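One structure below.
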Amino acid sequence: MPLVSNILSSSLGQKYLMALSGVGLFGFIVVHMLGNLTILAGPAAINEYAAKLHSMGPLLWIARIGLLGMVGVHIWAAVRLTRDNRKARSVQYQGAVDPVDRHRRSKIVSTYASRTMIYSGLIIAAFALFHIAHFTWKIPQINGVEVDFETFYVYEVSAGSDQVAYLTPLPDGVGKEGENAVDVYKMLTTGFKVWWVSIFYVIAVGLLCIHLSHGLSAMFQSLGLKTKAYEKWIDHFACATGWLLFAGYASVPVSILLGFIP
Amino acid sequence: MNLKLKVWRQENADDPGHFGIYMVQDIAPDMSFLEMLDFVNENIIADDGDPIAFDSDCREGICGACSMVINGVPHGGQQGTTACQLHMRHFCSGDTVTIEPWRATAFPVHRDLIVNRTSFDRIQQAGGFISVRTGSVPDANATPVPKEDADLAMDAAQCIGCGACVAACKNASAMLFVAAKVSHLSLVPQGQPERERRAIAMVKQMDKEGFGNCTVTGACEAVCPKEISIDFIGRLNREYGRAILKKGNA
Amino acid sequence: MVAKKKIAKSKGKTSINKTSRNSADSMKVSSRVKKPFILKPNIPPGPISEKWNKHRFNLKLVTPANKRKFEIIVVGSGLAGASSAATLAELGYNVKCFCYQDSPRRAHSIAAQGGINAAKNYQNDGDSVYRLFYDTVKGGDYRSREANVYRLAQVSVDIIDQCSAQGVPFAREYGGLLANRSFGGAQVSRTFYARGQTGQQLLLGAYSALNRQIGLGKVKMHCRTEMLDIVLVNGHAKGIVVRDMVTGKISRHSAHAVVLATGGYGNAFFLSTNAKGCNVTATFRAYKRGAAFANPCYTQIHPTCIPVSGSHQSKLTLMSESLRNDGRVWVPKDKKVAEKIRKGELKPSDVAEKNRDYYLESKYPSFGNLVPRDLASRNAKEVCDEGRGVVASGLGVYLDFTDAIQRMGENTVRERYGNLFDMYEKITGNNAYQNPMTIYPAVHYTMGGLWVDYNLMSNLPGLFAIGEANFSDHGANRLGASALMQGLADGYFVLPYTIGQYLAEIGEGDRPSLDDPAFISVQDEVECRINTMLSIKGERTPTSFHRELGQIMWDKCGMERNKTQLQEAIKLIPRLRQEFWSNVKIPGENASLNQNLERAGRVADFLEFGELMCRDALQREESCGGHFRSEHQTTEGEAKRNDDDFSYVSAWEYMGENKKPKLHKEPLKYEEVKMTQRNYK
């Protein structure tokens, strides 16, 4: 089909794929952060949120496969585009951009974020893999504590009863996979108590913030939605969103480490 | 004024090249940058040296021949100015000035500061035109063009094809150039019949020539001697999307 | 329009057919028999408004199937070159196009700012083909061919249609229709424009048409390739020898016909508004091979250029003439005041109104600052020669916008001339909103060129010259916004028809092989010349010779000429030429990109050509248009023509190395326009 081949083979088509998969991943990241923040409302809230997610069944799997697909497309396009870009400019300038006024300089010299998209992206991808292994697959060898998150379960009372009684943590080792919901609260508070896990997490979300501060505005441009009239707004939006996401994500491990969340 | 010049010297496309250092004295502030190089060359010839080769023709900022990166900035530090219109009064005595050719794989170096920009021509040949046979056209006023569209088309059409956008872009992307061309012709009613075909063909050729991709850094716009707006890149992105959805193929 | 053409055609069939056929036949005779220097203009008979239509009908055609068997060489890719190459290829011919720039889009047509004339009468202000014709003949000071000019005015309307269809973003009114302005003192608004970049936009239009044909494989484009000589086989132009400017390779190219669209020779003055690369080599080589060079002394000086800032100056920059619409030209009345200004002791604002001499306004009250280019230029020279110039070199006058800014406000001035003011500031470092601009005349356009007949063919059969490279349409002076018109008229609408006549006559078999002895020997000559130049290894650079020649030309054959100075120049130039051939220093070798070698070749030709210009200026004992002989002026200092003795085209025949060229005269007959002495008082 010519449409598909045009998209896959042209630089602009790859940029569209980059932008569209970026939109999807950005949506996931926002929702995921909002979910994470339920921890601030206490154990019940986050466990309930987790239980609801898990009860979605096939829908959850469709979402997961979709996300995985978007990650795949995003990385595929990124690698191809970066490879082309490297090839297009194989020699760098020796002369320093000087003397020009600061305003022009800032426009001529590309931003740090734009130059490091591939690196920030790949590090984020690596983190995401660890993150999944850590909290989704709950591989005990990598969580840095001597417990298996797989053993953290809550007892579910049938729907309709009082909320406090709704989710009751079960002692370690009690409960069955598939039957009992996971005690996400306990998993997070235990997991993020490990300092290096938290630091890795904060660094990764920091990179994510940098990645998005450029990526979001580039996304608008690639889709042809950016014009001078609201260029500033888009850039501000991209920057603000990056910081907000960073604050939102980082607040969880920081709060846990600092003991704000028991 | 006295300057130390660090100039890229390269015999031909196969030569790896190196920087040559030239101490230049008695530069008049009213000289244009290229006149300064003329002056340097006259001295080099007198000393039996090999003069610096650089492109220039009209020397009034419109032909787009001059192409040199001066202190890391294509056409030098002055906004909206080609190298031929850059004057030495913007430099201070004692400065070191680094002069390099456009750096892009799609612009291989011929010699010293001269690069081969025929890739731009080939992009134009792929579709940068409206197919009209000489003589077989309607009266010019039979096709009204809204003033706003004509003005915007003119903003894009001002491009002098110098390649500074490519030279400035960290990815050596030719998007601003292609965007200006595609936008110009898609904005006027005469360009409508070939609108989709043109966008697809020109982008295809652009990719083929080995230019990089747009990463929205805005460097192209900042160094463009005609100050062509990066908005046109957004427009090209829309044009291309529209084209492939409508046509699917070229 | 279409209906009109049809009527004209059918009329042609019945009544005038016979006579016009004769003119086409006579062309055949002149082209087949090798009789050098029979200059037959081949102007078709009949009423002027019918000539072109009937001639077109009478021209022989090449059938579509046969067109692809013909090969045509077009040298130059400016408006004329690109438009003709594209149109010829579109017709089916195989075209090879050559340019010295790295891309055809950089030809110097691109620098034209003002606009393009066309007798569209869109403004309903009384314009017509006849009026444009009349104005052009009058503006050319009655030294152009009526029939050619009429044709130019006729096809001017088609040019606008053509360019508009190509997507050229001409200025528009809110209703979407084309806008016009009055230009260069014309009494009607017939100038179409695209901001201050009309030349650029028109060239990009022609370039896009050319690109389409390159993409289709009908035009083979050779960039960075310079034509160094022309090859004649049996007296017909059949090919060229070129140098690849990147590798230095010399190669031969053969064709059925050769078209030169190589522009003008303004760079004979070294400093001009022409691009650095513009040169006379192609046309001059043709001249040396037997083509007649017509009216070389006609050079147009543009009054509003930025003055020379020092000995380093490499070229001059033109500021659009439109500036004179609102700017006022003045110098101080007193020499001493001017001297103080030159030394920087006084500012222009220090000069009181009563001490300023608005010399154009006082001398020409009805036209004021808008007098024609030559008058504005000469008067500037005059006041500067009196010692009243206001820039350091003494060669510059003020163009003051203070009154305009007071009258209209700075914003209106900015709207109208903003880009010009910015350009001025970039080059001079001065803000023209606060201080008056300084301007001085500079060489801008050359009306002379290769002699061509009505079919744009030179006296060498098979050799055509179009655009600024020929001489035919502007007479002794070109009107503003007419250069673009002529280039495109020749390229799109004249040459593609007339070249068919020649090709139909010779047939597709008449294309010599590259191994023809004529080709080999020309290539040998070219290589020998390059080797000789390289082997001199003297002391002076080509540029220094060029500068010196330019100074001689400007001083002795510039805005104002006289017998003694021209005679001096005719002595000085051969001496300089001799020095060149014994003392030029060209670094490097042929087999690589060698800009000094390119330059040297061009300078060598200018060194011969400059002498020809002076000779032509010397023989023309009158003042007309761009040629002002100080001996021939009215008591009021106006150019004084001598129609009885000099109403002819001077066409020069090359007689050999260091021999005096021979003057031939093509008489000019004016059947339509009555000759009058110009008076702008």
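Quick notes on this one:
Labels A, B and C are assigned to the chains in the order they are written; within every chain, residues are numbered from 1.
Keep this in mind: a residue touches a chain if its C-beta (ideal position, glycine included) is under 8 Å from a C-beta of that chain, and two chains touch if they have at least 3 such contacts.
Everything numeric here is computed off the predicted structure, so don't read it as measured data.
Between chain A and chain C, the least number of touching-chain steps is 2.
Of all the chains, the one whose CA centre sits at the greatest distance from that of chain B is A.
The interface holding more C-beta pairs in contact, when B-C is weighed against A-B, is B-C. Put simply, the C-alpha centre of chain A and that of chain C have 66 angstrom between them. Distance between chain centres (mean CA atoms), chain B to chain C: 27 Å. Averaged Cα coordinates give chain A a centre that lies 39 Å from the centre of chain B.
Within the complex formed with chain B, the chain A residues making contact are 1-3, 5-7, 9-16, 81, 84-85, 87-100, 104, 107-111, 114-115, 117, 214, 217-218, 221-228. Note for the complex: chain B touches chain A at residues 6, 19, 69-73, 77, 79, 98-100, 103-106, 168-173, 200, 203-204, 206-207, 210-219, 221-223, 229-231, 233-241, 244-245, 247-249. Residues of chain B that touch chain C in their complex: 11-12, 28-32, 34-36, 38-39, 42, 44-46, 48-51, 53, 55-65, 78, 80-81, 85, 87, 89, 110-111, 114, 116-118, 120-121, 124-135, 137-141, 143-147, 150-151, 153-154, 157-158, 160-161, 184-185, 188, 190-191.
Partner chain B is touched in their complex by these residues of chain C: 1, 83, 86-87, 90, 101-108, 110-111, 120, 122, 158, 160-167, 169-178, 194-195, 197, 200-201, 204, 207-209, 211-212, 214-215, 221, 223, 246, 273, 275-277, 309-310, 312-315, 317-318, 422-423, 426-429, 492-493, 496, 541, 543-544, 585, 587-588, 592-593, 595-596.
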